[in-house]
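Reading through the structure tokens given below for one structure.
First chain written, first letter: the chains are A, B and C, and each begins at residue 1.
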Amino acid sequence: METNIKSKAFEELAGAAAGLMNPAIEAWKAAGRKVVGYFCSHVPVEVMTAAGVLPFRMRGTGSTGTELADASFSSINCSFPKHTFNQALRGEFDFLDGLICISSCDHVRRIYDNWKQQLSTPYLTVMSLPKKNGQAQVDWYYEEINILRAGLGEFLGVEITDDRLRDAIQQVNETRRLQRQMYELRKRDRPPISGAEALAVMVAGNSLPRERYNDLLRTLLADLENTPGRSGYRARLMIVGSELDDPEYLQVIEDQGGLVVTDSICFGTRTMWVDCSETEPDPVRALARYYIQERPACPRMNGAQPARAKFVQDMVKEFAVDGVVGERMLFCDFWCAEHYMNKADLKEAGIPFIQIDREYILSGKGQLQTRIQAFLETMGR
Amino acid sequence: MVVGGCDVGSTTGKAVILDGTSILSHFIIPSTTKPETTARLAMDEAVKGAGLSSLDDLAYVVGTGYGRLKVPFANENVSEITCHARGAHWMNPAVRTVVDIGGQDCKVISLDAKGKVVEFAMNDRCAAGTGRFFEAMARVLNCGLDGISSLENQGANPATISSQCSVFAESEVITLINEGIDVTNIIAGINGAVANRLFAMVRRVGLTQELVLTGGCSKNDGLAKALERRLGIAVTTLPQDPQLTGAVGAALIASEKKSSN
Amino acid sequence: MEAIDYNMGTAAHDLTTLERKDKALARYKKERDWFAFLLEAAEMMDTPEGKLQVKLLNILLDSKEKVISSVMNDTPFVAAYFCTAPEILNAMNLPWFMIMETPFLAASAPYLLDDLRGAEEMGLGTDLCSAIRLPMYYIESGLMPVPSAVVGLLSPCDGTTMLQQVLQHNPAWKNVPLFAPDPPYTSDERAIRYFANELRTMVSFLEEKTGRKMDMHRLREVCEESNRTYKLWQEYNELRRAVPCPHGWEIGGAQAFAVSQCFVAGDPRCTDWFEQLLECGEIKVKEGRGANEYCPEKIRILWFDIMPYGWVFEFMPWLEQEWGAILVMDMFSNFPYTLIDTSSEETMFHDLAKRNLMDVPMIRQARGTAENFSSDIARMVKDYKIDCVIWPGHMGHKDGAATAGIMRETCRGLGVPFLHIGLDLFDKRYTSVDEVKDKVSEFFRGMGLG
């Protein structure tokens, strides 16, 4: 990707985001270590980190079609699971030793059933994620996490002790802290890093061994201090939506002059704005509370819409955002209704908002350009 | 100060030359395969028509439309949404809703009293409700675009064409022809179906009078009538060629930009 | 085409409470009138089947009148669903209505297409299930009576979760207490216990918010009555195994589901209805008579979803007349009839949890992993000697759409032809009835059926 950032660390991070396999994963596997894929930001990566595996967040990056997946899915399914599953059927995920699925949404949850039928990944499981965030749900997820821990541990022949979990929570929190530091820089009038670049860094975070990633981040933060800030943009934008892992999408938006300074997306702030508790003595309880109640919520959580709306509006203030771009993939029910409510809430708050539908693989650049340009013009910028 | 606006669409290219508040000249040509060529041809003709010697006589040029990034002589480009809103509002300051039906897309724009865009909705994913759709229908009915547009061809009992997709709608129309349905009722049905689609977009954006039609398909009287019936209000006619609103808007913005520089 | 009256579309929160009540009731009453009209038509049918329709519509209308009376007299009533333990609502003497009632029961009503347009004009994506968009439209336009409490539905799909959230976001509904039992993704004892707990919490919630009390004796009565209903249903469904099948799409299929779960669960009138249904069926089987006396049975279909209520009268009779294709079984007419063990409070909650989480149709297939899609098809194909399986492919079933390949494989394994159509069960503009007929005809011809 085009960038002003002169940094080897950034190069490696952007490289990791641009494809599926990367040299660090190759080295990891060559050393006899394992990689476990997972869908959705509600899967507790801490458990995988505690088990000593590399948690790899599933994406369909590089997919050019869905011909293989089309036999399992239909034309009214989201393009994200279709492309991702297609990549799997083409063998692009043969490097995975295991896969953790979850009942995140109607489209992605069926990857489990189809994957089970058609592929032979050694370890395959599905987690049951609640649809609301009360105490009973925290308790349920507490059990789910323990079940995962036991199953994954058995598969690996490893005991995932409480101590290991506590260490993992600290490590993952370190990642979160470093990522938040990077976002802090975007509060500036002249951020040294664009939205597209930041997204590449976030996506890389789920595709590299954690220690290496944390090191790269620290180096990047230092390099960013020497990177000229971006100016000459027309407006500061916030992107709100779901499974957006393609920096090029934000690039198109930013090329129109809309600098993306923050977000609420699955690969963005929702994964790192809040830390998992390190003071709660029972690490599984800490994780259960974190994933169900404490982290920024996503539309699948009934009852959390006011909190989600507040999260967006707080972000707008903190980052001096001029306008919000709500993206959703076609056929996504969650975000269809969520943006319907976002539109009303943001209108009431006097914050410009535009909703844009998209497909998982970037297409129709001209249409995206026109809408963003019109949005900026409407804001008078 | 003489400025230019160039609206490069998928089907036609439009150029307007403005001097203060008067349109000196305008030109519309069918689009070529290259937007740069379309832009140049349209603007060259407009320059001639204005009695100018060359493009250099223009103080500022704004490009818009689908090919706006490829207008080599444009000083800047502005989205067609903003341009259509400005152009329509300039032609009639009472305009608050613009329904633009182009060759490949259609949009509804809501504007305020100053002609500033408040909200918009676009359909650029499929042919339904665009010039392409009408062209396809005209082919099937073998009646030409004039045939679909003319008021005397709008039957009193419009056939229902329920397909959301223009490809399926074509099959539906063929079936109707085979069933012997009166062609004027089919034509009225086609215009009705597009009116329904536009109506839904208008409702989403919000209907405030006055409402005008712009773009190539705005000259379809049958469509205008169907839309009026659907909306329950009269569609206002613009004093100038509604196909030029985008280019006019671009020229007006060119004026402002040059003045403020 | 005339312009629509937009007064119906005025945002709910612009009206006073009384105006809101009247408007919401006006709509609800309009729907009641639609059913009253159907009742009149049914009363003119002097057949055993006609009498069944009359009975069903009377139960339905009675439950609607109770809701109307609750609104007028400000007495408690709730909004709920067929799978959020309606047995409990009956036991607590709480009138209730289904938020998704219109698409599920009244989609053939004349105002439905206008309502769909209303939903589109709200700006919601047209790829969201029509059965979800319609209630959203009614709520946002003030066309739904606001109850004392809402029992929310988070199952089986993403759409229902969002419906609850849009409901809670609406100013007129914001302060209405809502409890939504959380559906676990698994289907084991642990899941049942968890859901049973959710139901207990639901009872406390309803007691607190409506003032009605749960009486365990009453719950036992309701469950026992429901058990009687279910036993009869199971017996009746055995009759449908007969060749020819005694009843088609019109009688005893989805109707039975509606009577058992959608109006009032565990009521003697339901049991009585099933007794009559069984009697009707038995006579026909004894006499070897098929579903449609004018159309001999040639093809036995499993329609794996609810009826296409938006256009059922234009399609189902045609299936029978054109192809002799009888709807022997559909997704909603068949599920495990496991009875509720009423020996203790604990067993009752356990079994109610199991029924509402794992047995009721659609929830059963779509809530968790895909096994039930396959196993239910396999079971029904064998039990009912099915000649072909049709997955209608409703535009709202996103998880089902991602299970199409699995269903196809299952049918291939069973040696039974499988058709995936792709349509909207409620909106005939999505895929026209003619298109559906063409696809089905092509399928039958291609597979050498009929």
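By definition in this document, contacts are C-beta pairs under 8 Å (C-beta built on N, C-alpha and C of every residue); 3 or more make two chains touch, one makes a residue touch a chain.
These figures come from a predicted structure and were not determined experimentally.
Among the remaining chains, the Cα-based centre furthest from that of chain A is the centre of B.
The largest tally of C-beta contacts between two chains is found for A-C. Work out the mean CA point of chain A and of chain B, and you get 40 Å between them.
Taking each chain's centre as the average of its CA atoms, chain A and chain C sit 37 Å apart. Annotation: 46 Å between the Cα-based centres of chain B and chain C. Of all residues in chain C, those that touch two or more other chains are 122-123.
On chain C, the positions that touch chain B within their shared complex are 1-4, 117, 120-123, 428-430, 432, 434-435. Taken in their complex, chain B has these residues touching chain C: 121, 158, 162-164, 168, 172, 175, 192, 195-196, 200, 203-204, 226, 229-232. Put simply, chain C touches chain A in their complex at residues 122-125, 127-129, 132, 136, 152, 154-155, 157-159, 161-166, 168-169, 180, 182-186, 190-191, 194, 197-198, 201, 368-370, 393, 395, 398-399, 401-406, 409, 420, 422. Of all the residues in chain A, the ones that touch chain B in their complex are 364, 366-367, 369-371, 373-374, 377-378, 380.
Within the complex formed with chain C, the residues of chain A that make contact are 71-78, 81, 103, 105-107, 109-114, 117, 126-132, 134, 136-137, 140, 143, 299-300, 302-303, 305, 328, 330-334, 336-338, 340-341, 343-344, 357.
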